[in-house]
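In what comes next, chain A is part of two complexes: it sits with chain B in the first one and with chain C in the second one.
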Partner chain A sequence: MNLALLSHEWLVVALGLCLLVADLWTPASARRILGYVAAAGLGAILLYSLIAVRPELQPACGNMYVLDGLALFFKRFFLAAAIIVLLMSAEFFDRLQAGIGEFYALVLFALTGMLFAASANDFALLFVSLELITVTFYVLASFQRTRLNSLEAGVKYLIMGALSTSFTVFGIALVYGISRKLNFNDLAAVAPQFGGNRIFLFGLLLVLVGLGFKIAAFPFQLWAPDVYQGAPSPTTAFLAVGSKAAGFVLLLRVLFVAVPDITAQWSRLLIVISGITILYGNLCAIPQRNIKRLLGYSSIAHAGYMLLGIAASAATIANTTQNPGAGAAAVLYYLGGYLFAVLGAFTVICLALRHVENEDIPALAGLGQRSPLLATTLTLAMVSLAGIPPLAGFFGKFLLFKAALAQGPAHPAYYWLVAAAIAGVVISLWYYFGVVHAVYWSKEAANLSPISISRTMRATLYACVAGMFFIGLCPGPLLDCAAEAVKALRL
Partner chain B sequence: MNTLPWLILLLPLGAAAFITLFAQGNRKLSAGLSIAAVVAGFVLSLVFVSSNPWEPARESTFTWLAIGGFQVDFGLRFDALSLLMVLVVTGVAGVIHIYSWGYMKDDPGVSRYFACLSLFTFSMLGIVLASNFIELFIFWELVGVSSYLLIGFWFERPAAADAGKKAFLTNRLGDFGFLFGILMVWTIFGSLNFSALQEKLTLNPGILGGAATLIGLLLFCGAVGKSAQFPLHVWLPDAMEGPTPVSALIHAATMVAAGVYMLCRIFFLLNPPSLEVISWIGGFTAVLSAVIALQQDDIKRILAYSTLSQLGYMVMGVGLQDPTQAMFHLTTHAFFKALLFLGAGSVIIAMHHEQDIWKMGALRGKMPVTFWTFLAGTLALSAVWPFSGFFSKDAIIAQALSRQNYPLFVLGITVAGLTSFYMFRLVFVVFFGGEKSAPAGHAQESPQGMLWPLRILAAFSIIGGVIGIETVYGLRFPSGEAQHMLSGWEGVWQRLWMPFEHSPGAASVGLLAAAIGFLAAFALYWKAAADPLPTKLGALSRAMRDRFYFDEIYEALFIRPHDFLAAIAAWFDRWIIAGVAVRGTHGTTELLGRALRLVQTGNLQTHAIIFALGVAFLLYFALR
Partner chain C sequence: MQDILFYIFASLTLVFGFFVIANPFSRNPVTSAMFLVLTIISLAGLFVLLHAFFLAVVQVLVYAGAVIVLFLFVIMLLDLKAEEQRKLRTFAVIGGVISVGAILAIFLQSLASSPLHADELPLLEGGTAQLGKLLFTQYLLPFEIVSVLLLVAMVGVVLLSGKEAK
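Moving on to the complex of A and B:
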């Protein structure tokens, strides 16, 4: 067993444990600093990953775990997201009544789960990493113990999560029962012969239910708005970016490594789910007054857009096209742009709505005067999520739609899917610009006192803005990385 | 070798960004950064040019976007045309930036001013260095934006805000045609890179087929807008509402010349019929605006119409198939017209922002440096030997003669006479005669920071014709005769006499016309207290004064019907689209949203049931 391959995971776990121990000796007033230490540590690990780790296919733990381009892409993605989330948490410190040290450590443990998920090549590891993420998030969501909303979010997430886990584990059991395989590569070898076995397909679908829950796809999306609204903002941000991306990497592995031949038959199912998810998320977002709830629905819609890319890839398995990885690569690219936009938005929410009981959109009134930097970042994040050039979101949607349209000649259903997605984009402009409107033109501003922003937060905001612009204006580097990463899939 | 031009291009952008983001409150830092960026650009261009040959053309390119087979490059192109133009732009812009500090020092928006100026310099350099049409078009539009921002710099004055809008919208019209032309080029060639286009055209001269003339004219539309040629010339005089250094840099020396530059850049795409149209549009604009200039009273407007008229010469030069001389005139014009505008700015400051020439007078003694440099600029513009304007203008008129295009030759000579007339009218009224108002009595010379730019530009206005500018441009367009010139002092001597050897007829008739213009101006305006022409010419003079009613004609012909259509469209938008379609969709969408929200009860049991139903749906859908 090659333990050196697991260096990312070891390092993050070690960092988390050190943090817990250090917490014992740190006076309460200085615990906030530990967040910066943790972020710096993750920064070092990310740097090490970028410099020292090469994306050659290397299996470990009896091929349960692989370190290939896809895994590495997602590991770096999760590390970057966790760094920003930790910095955000340090800023959020005053609103967590106790145990900021534990909060940091839990973020790191959830991150470990995501890192494992990125490398999972086996249903056992898939399940363990999924549970590691979900269980940690139960605690992270209910961390504001004295706030009823937060507790409610934690409980709801726990119960719905347990429900979905039960489906997943049942599904894994059925798949194993029929095929006697847990490893994705082994399964790929035998899966074609079970293509007509309904119990096998039943099991696979139940696994997909669990993953659909993670990414908040229709019809398993109901938890998202409640949990997003109630959980502390850094948790929500991590949930929206990290947890969702973990769902997507597992989905990619299951669909395109373990059972590509069966996935090819499911393109219609994916089209329907993607279309409904997009429309559902965007339509429900319209009447929302709470910004975090709104972003919850928006995250459902974005899961739909990314499913569109997966649906496009599913069609390429059966018929050979010029660029089979385009859909999956577009998903990865899209996640890159999504990371900066969502984390930017949540950082702003963290800072701007510090002294407000609930994060209603009207509370953003006057932000344009109170802090131009926050207002600009939030505006750019909304504009990027809405998909307007030259920001990252536009190019991501462009690539996704392009990949789907390329399948149109063979399956006209893709044209309908793109039409639905474009309708979704148009609807989304409405509520995204509602937020922008509240920031600059709302007349009901009660509080116009300027907001002071610490230097680290300033840097974080600049980083998010730079990320949105860079990915949008120079799509080349990230696109190359994404195209390289999806070579790990059987497309 | 290739990092240097990128640095030259990006320095002003960096300055603009830094000033906007961090230096808004610091006037000196803003000005310093902006000036440093462009002066450094000039020095670096000198270094680059001295260490690299003018020709052959080279490119420094990276791929900006590549989606499937579609690829957009972002590249810089270096050849004689672009490199010399970079020197001119950074040089003239540098001098004007320095002058601006003296002129704008006390304005509250000085940081914004310098940020916009730097943005403009960046965009202009982008046009000059662009290696393909997409890039050219992006910078073309950026130049339009910075011009808009600077014309409307004093946006609290309605006239300035309106002028900015007018400039922007008029340019839009031209750019619409330009964009169509670019799209047609792309459809036919499948490429937009200038070198690739030229190669394909050389390999297959008939590739354009019947579309050749249409493409040529559509591309020319861009130049008509940007270089303010008839019939889109109306925006340039109004653009004088901007600060005077802006008028000097953007609306005289560089941006308006971008149209001519673009025509030279794509000269290989223009076929004889479209060149014929181009030459006539240029000639007509030259004579029309020279006539209008005769009866203007605002010192900047006279210069603005003169700019239009000179741009007409350049466009005519391109149309007469001599891009070398068009670029030559563009360059000398950049020197002397920038000088004249800066001189006018110096006068305007001394007169406490009075621009009516009939309220000035007798400024010669009070502002000696301004006077002498202004006189040098006037002599250059009036094409008096051996000032720079003589050589470049004579070359274009001589080209008309050698191509036996006698109507355009006569037109060119007429404009030369008119130019000399209206410029000496200006000089006599402003600098000679009696003081026509109280401020003229106590006018003072401007500070040294504003005078040195005048001296530098005056020097180049004098010698610009004989230092070999046309020889360098000639390297790019080798059909001309300019490349047989000697170098060093002998070359200067040779150039000094060349017009008389090469085309003695054109040179002597041109000088004669200038002399007649001067004498007429002397007879009418020497020590005149009021304009004698209106009484002599009557209605014609009024028509000239009112710019031949172009604004009014456009108002009646285009703006009224446009407003009418707009009113209909607004009605349609308000009642049909917004009322029925959007409200309807809005209503349905919102209703749908609210209905879906009912599903989201927040009740955990309901959620769990819906989850289970969802699983059932999924299984049914996939397994049935």
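Moving on to the complex of A and C:
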């Protein structure tokens, strides 16, 4: 076993354990500092990853774990997300009754699961890393245990998570029972001969159901709005970004490394799921009054947009086009823009709705006068999520739609899918601008006292805004990274 | 020796199993649940006689340990007084008889289709030695991740169930 390859994961686990121990000796008043320490530690690991780790294909642990471009892209993505989430939770700590030190440690353990998921090349590792992520989120979601909403979110996530786990493990058992293979590369070698085996296909379908729960795609999206609304804001932010991205990297690996031939047959299924997910998320978001619930529905819609990219890639397996990786690369690029927009929005929710019991949209009234920085960040996040130039969301959607349209001549279904997605974008303008309207033009403002923002939070907000603008205005660097990363897939 | 042990464990399993559903001493469901524990432990003894050590250990750990605790929780949360006075319903009896009959039919059919003579013992798969070797070589990484998972579960339980820290 090559331990040096696993350096990201060991370092994060060690950091988490140190935090758990350090929490015992830290006086209650200073515990908040631990969050900054943890964020700084992750920053160091991210820096190390950017400087010292090269994205060459390196298998470890009997090819169960791979460190390739795709894994590295997602590892850096998860590290960046966790840093912002930790800073956000340091700001949130006065609302967490039970140990804040443990909250930081649990965020790090969930991050460990995501880092392993990014490298999983085997169903055993896929399952264990998924469980590490999910079990940690059960605790993180119900962390505010004196709040009924938070407990409800925890219980709902527990039940739906247990259900999705049982689907996944049942699916893995069927796939293993037929093919006797757990490793994705071994599976790819034998999968074509099982293309007609119903039990094998059923097993794969069940694995996809489990991953569908993770990314909150239709028809496995029911938990998302309730859990997003009830869980503490930093947890929701991490759930929306980290857990969803982990689902997508596993989906990419299973679909395009383990069983590419079967994925090619399933492009129609992916098209249908993607289209319905987009329309469902956007239509259900319209009547929402709670901003976190609204973001929950919008995250369903975004899962649909990203599935559109995966569906476009699925078609390229069968007919080799000029740029086969375009769909998958667009998914990665889109996730980059989504990270900054969602984390920016949740940081604002964390700060602006500090003294409000429910995070309802009318409570944002007058934010434009109370804190111009918060109002600007929230507006930019909404604009980016809606997909309006020049922010990151626009170019991401453009790339996804372009990849799907490139498949249109061969399969007319892709034209319909893009039409549904554009309809979804138009619908989404309505509710995203409802939020912006509440921030600037609402007349119901009861409280106009200015909001004080700490220096670290200010830096976080600037970083999110800069990220949205940078990815939108000069997409080159991230796009190159994404194109490099998807070379690990068999497209 | 092995034969004697087999008869002891087999009869214990049957007797305790009978006590689970029709206990002459008490109608308290908790007693039935405790007899279920004894049934499971004698079954584990049968597994040991078959050299399926891993299965025996899992039987005790998972069933006698975790599942029975769950049973007891449910029994204690339910209203026992109402349960004790409940009469047998015809529909439930018919349903029970049909399902037991179906299972019995499958069992007898499979018995009839397989020859009943002493064979060479088939090579056991999933023995403790093999399993341990796999866990610490090929599947070491998932095994280690499970340790982090258990730590998370422990921290979570302590946090969510502990008293209010003030």
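Annotations
In this text, the second predicted complex is superposed on the first by the 491 of 491 C-alpha atoms of A that agree within 3 Å, B and C clash if a C-alpha of one lies under 4 Å from a C-alpha of the other, contacts with A are read in each partner's own complex, and residues count from 1 in each chain.
By definition in this document, contacts are C-beta pairs under 8 Å (C-beta built on N, C-alpha and C of every residue); 3 or more make two chains touch, one makes a residue touch a chain.
As the structure is a computational prediction, the values presented were derived from the model and not from experiment.
After overlaying the two complexes on the shared chain, residue contacts for A:F143 are found with chain C alone; chain B is out of touch. In the superposition on chain A, contact of A:L132 is made with chain C only, not with chain B.
By the touch criterion defined above, A:L20 reaches chain C but does not reach chain B. By the touch criterion defined above, A:L106 lies against chain C but remains apart from chain B after alignment on the C-alpha atoms of chain A. When the two complexes are overlaid on their common chain A, residue A:K156 makes contact with chain B while staying clear of chain C. Of the two partner chains placed around the shared chain by superposition, chain C is the only one that A:F116 touches, whereas chain B remains out of contact.
Of the two partner chains, chain C is the only one that A:M64 touches; chain B does not reach it. Using the contact criterion defined above for the overlaid structures, shared-chain residue A:P225 touches chain B, although it does not reach chain C. The residues of chain A shared by its contacts with chain B and with chain C come to none at all. For chain A in complex with chain C, the residues that touch the partner chain are 1, 6, 13, 20, 60-62, 64-65, 97-99, 102, 105-106, 109, 112-113, 116, 124-125, 127-129, 131-132, 135-136, 138-139, 142-143, 145, 154.
Listing the residues of chain A that touch chain B in their complex gives 155-156, 159-160, 163-164, 167, 198, 201-202, 205-206, 208-209, 212, 218-220, 222-223, 225-226, 266, 269, 272-273, 280, 283-287, 323, 399, 402, 427, 474-476.
Listing the residues of chain B that touch chain A in their complex gives 63-68, 589-590, 592-594, 596-597, 599-600, 602, 604, 607-608, 610-615, 617-619, 621-623. Every residue of chain C that touches chain A in the complex is listed here, in rising order: 138-142, 145-146, 148-149, 151-153, 155-156, 159-160, 162, 164-165.
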